[in-house]
């Protein structure tokens, strides 16, 4: 099994989640994070609202899903397509990391292995 | 070392954490997430409270703990037992993922390796 | 590529993030978590503010960054140095976990591999 | 002048002004977290812009009886200068300047009500100009027609708008429809309100402030004010409970936001009637408002015709206001209105006059609000809507450089 | 009628009504985030249900002197019909309808106070029925006995309950005990309040609203109202500071929730005394309240006997109310009570009368509240408590279909 | 006594008291989440401590004309005993006790304003003592000089401080500078306010409460109160809009916090002028306040000289207050002040008197506040600042044993 961790723009979250489901993903988890990559942050008002300050990192959403090995390419491309903004994509659209998962257990049944994520 | 990532019902969090401690786990981290698996979400009021809408994903808690390899089975079964609701378990009780951790460092001492999580 | 997961004191977050950038890290993500390790929690008021209760776990920040293999030592030592409080370090300063990342994709360009995190 | 009246009207004015931040929280809680600052600010800045417009020329256009060809009041009270030390010239038993202040609070909240239609996407700078134009060209004339000596208030049969069913609620409700149409749908509408406690806080402040709105519209600390007070509370109470029960019947759950909306619907509907019906009338009006507004929201009537009146301003303030205006004609109590009473007493006069008032307000406000917004949309550099990427990112960051909540380890 | 009195009583009525949402936030901040909507709604819906009950029959039962066998008032004021335009028939120097409105706000907040005992688990639909029954069978009679012409208010020696120590606080406090007993403990009680700012907001609104409660109970804008105002503030102030100091002594830290609770305890205790003691008396009463309520909470007295009075309603309102009632008998100032004063002046009359009032309230409210809840628990389809899984999931989602806060990237 | 005046002054007193929790939320929203409880408590506990000081001796020092060598008032009103039933002895047309209550609310909010300078690091226990000393040695004397019969109020030319430009705002503003200097910079200042809605809520409560502050300072429900009311609103409105426009010009965005700050700046500046200028004067004062305070914040003037006046108390209340005091001398309207008017009418008297009042307040408050804090810092066991590790962890947990928000799965 593989773990896919995708960092995407918060406003893209629903779109990406729908794309994942369309791609056959059965389960996912997501949460709010703050992140920095190539994107250079944002100007925000500080103190009593008289001047701007630079904030390096931005709100993002982390989407995590564990999938069978075979779904890797389909899942990654569905994320890329659904998370990309504009035709060309833009800085800040996000990143996807893939890693190995050794085991999975479904709590309700105690069932183990790949079937728990299919 | 192994990383255990367990997604559980929020209301079970304390129970699971106590079970982990009882099973000899020395450290853990947890945070709020939203997730979808077999469970089919929940009906929530939308807009000004006149009708229900479907929300696919639900609040869950992610519990993450890094443990020595040898504790794997004990930890997983302690989570399964403490997170399961009802006699039979139910949809939405959660999932546990296991993966490899290559190194660990304790910030305060700079100490490295398995001893940091024992 | 390696994934570095560092749990640090919340108030150290900016310092650690600046140290990461100084060490050449190009991207990171972080979020609020609650955690327990050696540190023994904190006393908090419960109910209507008449007596204290013990809370086992404490607010922490999880910082996650994916880096090329070669940066491992530099990154870990920059975290250790920036996250440590006091000369000697103290319980609760945090922990760093290292694991393997198999693949990375930049959403905007579709580019894959180590170059996405350099 | 009677100090008791002055005391109550000073208090009422403060109470009504408090409603606008109440509305800010009501609306602010309903949107998504990334748009909360913007939603709050639409209301809050109305306390700034509309106050200034009112003081400079709005009050004069609405209440100076040196009429402007019947379209609005005259210009004698520009800058409030001439009324500064006047006492009772406006026919109220309080200093004229206090009349201006009390009425100002209505001119503030009315445009703020409209903003529920276009939250999460309306350009803030354009909105500042909209506020100036709308108070001037829509609010002031209608206010003049109904209360300032104009034609609606003088209709045969006796128009009854105690505290602003037409002037405030129908007016804002139909302007919301025009705005929803012109600004277009949200790109992504979200599902849940992001902060239910804020909705409840807003509803509570609105409820309390409404005592100033309605009982203050008696213009005095007298028996009429007391009636208005009790009726206001009674209608809000029964509408809230009605919504709760309908919510339970249809869904098995009782929405907190729904209960709060029900209370507001009751308050809206009782507004034109407050000092002119008995307690039984207030119960009937509140009950009707709970039912009508609940089903209007339940069936998403505007969404069905393709309009994204995001926070259902028309369903609550428009329909609630129309029901209230007609119901006032139905349930008016002769002993209080000093007339033959309402339809229930066989007198159709008030009902017909109020019907005309409703239609006139819908027509005038609908058309002129549409024109104002249409023109603002076309003016280069203005336009009604923020860019797609700004909307996606959230209007708080893009228009206000702020995030509502920061719970970031790094800060 | 005196317009100044009317002005102040209209204001007071609005202020007291504002206390109920204040309480909603106080209680709402203390529970866990997944139960915040429910906790807010217990209070908010009381503004709906209790208002209607009051208008329809509650006021009549409490204040119509055509007594019902001494148990309650008569039925002449049903629907408020007959008092609509009455002036002073109730013996107050304001329109009778305003008396009804002012007193209504007390009938709203009293049952809302009880809810602190059973938050996070009480079934909302059953609660709606409980509200109707409790206002009818517990609140109205006790109110009648003390203020409506009944036996407690006529005790020899002179019962002194200025603004509701017995009628409101002891009454709610003991009903909370009955409720906590019957509904049972929470499955999982949580540790920390989820939103301390909301607790502070609630306490602030309560504090401000209490000026209407106590100074409004003078029924007029006069010297007694001023005394009540100053005493109210003084007792709240010293009780808050007392709690802060005790908190510091015992824990080295000063709980914000504790300070807020201290203020409320002081306000509770000074309620029966407000217009009848001097500033020194208010200081003594507030000091006592701070100490008594702090230790009652500190030692978790009810939890020790197995009761989960979740937000310590009995410790604060019950004990604070009892202390206040007795202290009124101790510190009453003859110049204000027009009597020989309190125990400190060697006159035991008020003290004894108040002691009887306390015992009677504890007994009647404790028993009848118990019976009402016991019966509701047994009625098929009702029952006091939500299911275990609903409680685990959080009552907001299960009973209200809402989550208090949504900070979800997907929305 | 006139019941209308009493009604309005009771209401005003409640309104002003409400400002202190309003300030708590304004300041509380501006800090970081881990310090929100502490920031709220600095203001909230002032309602406790300052109330007690005021009742016991503060009022006497400020308003008893049996002068104490000209430094403060006498001791005749200790414990408020002698004024309890007095009517009009203080020269107000309301019960003396009500004067004491109204003035108390000013003595509460003034030290609370200072806390913006030292949030996130000031030791709470030391702060409790600071409150006692500061109200006694700084607030009471200055209040006496300006309003209690002392030298500032009797200056030739006629000092005009309608509602506390010197006594409250300049006083707090300069004390904030002393405090910021002595307590030192925050270790880590954060970037963004953690809760903008709370800032807006606070600003709204302040705005509404300020009607009590300013219109209440007329001491009666009369025409002057009405003027003060309208001017207060007008200045707040234009200052808010001015800030919005300057924000837009400089950054292309309109800060919600900035708009709220602008409103407060306008309110501060109009305070000394409220009952003594016309609407045009209020517009000028508000416009000036918006510009001056915006640029003071924009250029971080105190930060440039190394002071961490964290929430910019001096920029808003100090400079806003100074501008307001001088502007009152400029725009005073003879018809209202019963004099030759302000500088605009060619009469320099008020301007000069107010200038002296400003300088005297800056000097006295600056020096004595410095001394008090300096001494408190040196006393073993006290000290102004919490430990570095407590500050890092957040003052809420370390000093109050609480976290503002708990959204923790485990609870």
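As written, the chain order gives the labels A, B, C, D, E and F, with residue 1 at the start of each chain.
We adopt the following convention: a contact is a pair of C-beta atoms (placed from the backbone, for glycine too) under 8 Å apart; a residue touches a chain by one contact, two chains touch by 3 or more.
Keep in mind that this is a model prediction, so the values were computed, not measured.
Enquirer: Can you list every chain that touches chain C and also touches chain D?
Expert: Chains that touch both chain C and chain D, as defined above, are A, B, E, F.
Enquirer: Test of understanding: which option in A-F, B-E or C-F shares over half of the contact pairs of B-D, residue numbers taken as the match?
Expert: A-F
Enquirer: Calculate how many whole Å lie between the centre of chain A and the centre of chain D, each centre taken as the average of the chain's C-alpha atoms.
Expert: 43
Enquirer: Where the centres are mean C-alpha positions, what is the separation of chain D from chain E, in Å?
Expert: About 33 Å, centre to centre.
Enquirer: How big is the gap, in whole Å, between where the Cα atoms of chain A centre and where those of chain E centre?
Expert: That gives a centre separation of 50 Å.
Enquirer: At least two partner chains per residue is the criterion; list those residues in chain A.
Expert: If we look for residues of chain A contacting two or more partner chains, we find 10, 14, 17, 30-32, 34, 43-45, 49, 52, 57, 99-100.
Enquirer: Return the residues of chain E touching two or more other chains; collapse runs of consecutive numbers into ranges.
Expert: Residues 2-5, 7-8, 11, 191-193, 195, 201, 221, 251, 253, 255-257, 259-260, 400-403, 405, 407-411.
Enquirer: Tell me, which parts of chain E touch chain C in their complex?
Expert: It is residues 30, 191-193, 243, 247, 250-251, 253, 255-261, 294-300, 310-312, 315-316 of chain E that touch chain C.
Enquirer: Over in the complex, which chain E residues touch chain B? Could you list them?
Expert: 34, 188, 389, 392-394, 397, 400-403, 408-410
Enquirer: What part of chain B is in contact with chain D in the complex they form?
Expert: It is residues 43-53, 55 of chain B that touch chain D.
Enquirer: Which residues of chain C touch chain F once you look at their complex with the stated criterion?
Expert: 9-12, 14, 34, 42-45, 49, 52, 57, 59, 85
Enquirer: Touching chain F in the complex: which residues of chain D?
Expert: Within the complex, chain D touches chain F at residues 1-8, 10-11, 13-14, 17-18, 20-21, 24-25, 28, 36-38, 40-41, 44-45, 47-49, 51-52, 55, 79-81, 84-85, 87, 95, 97-98, 100-101, 104, 124-125, 128, 195, 198, 201, 221, 396, 398-408, 411.
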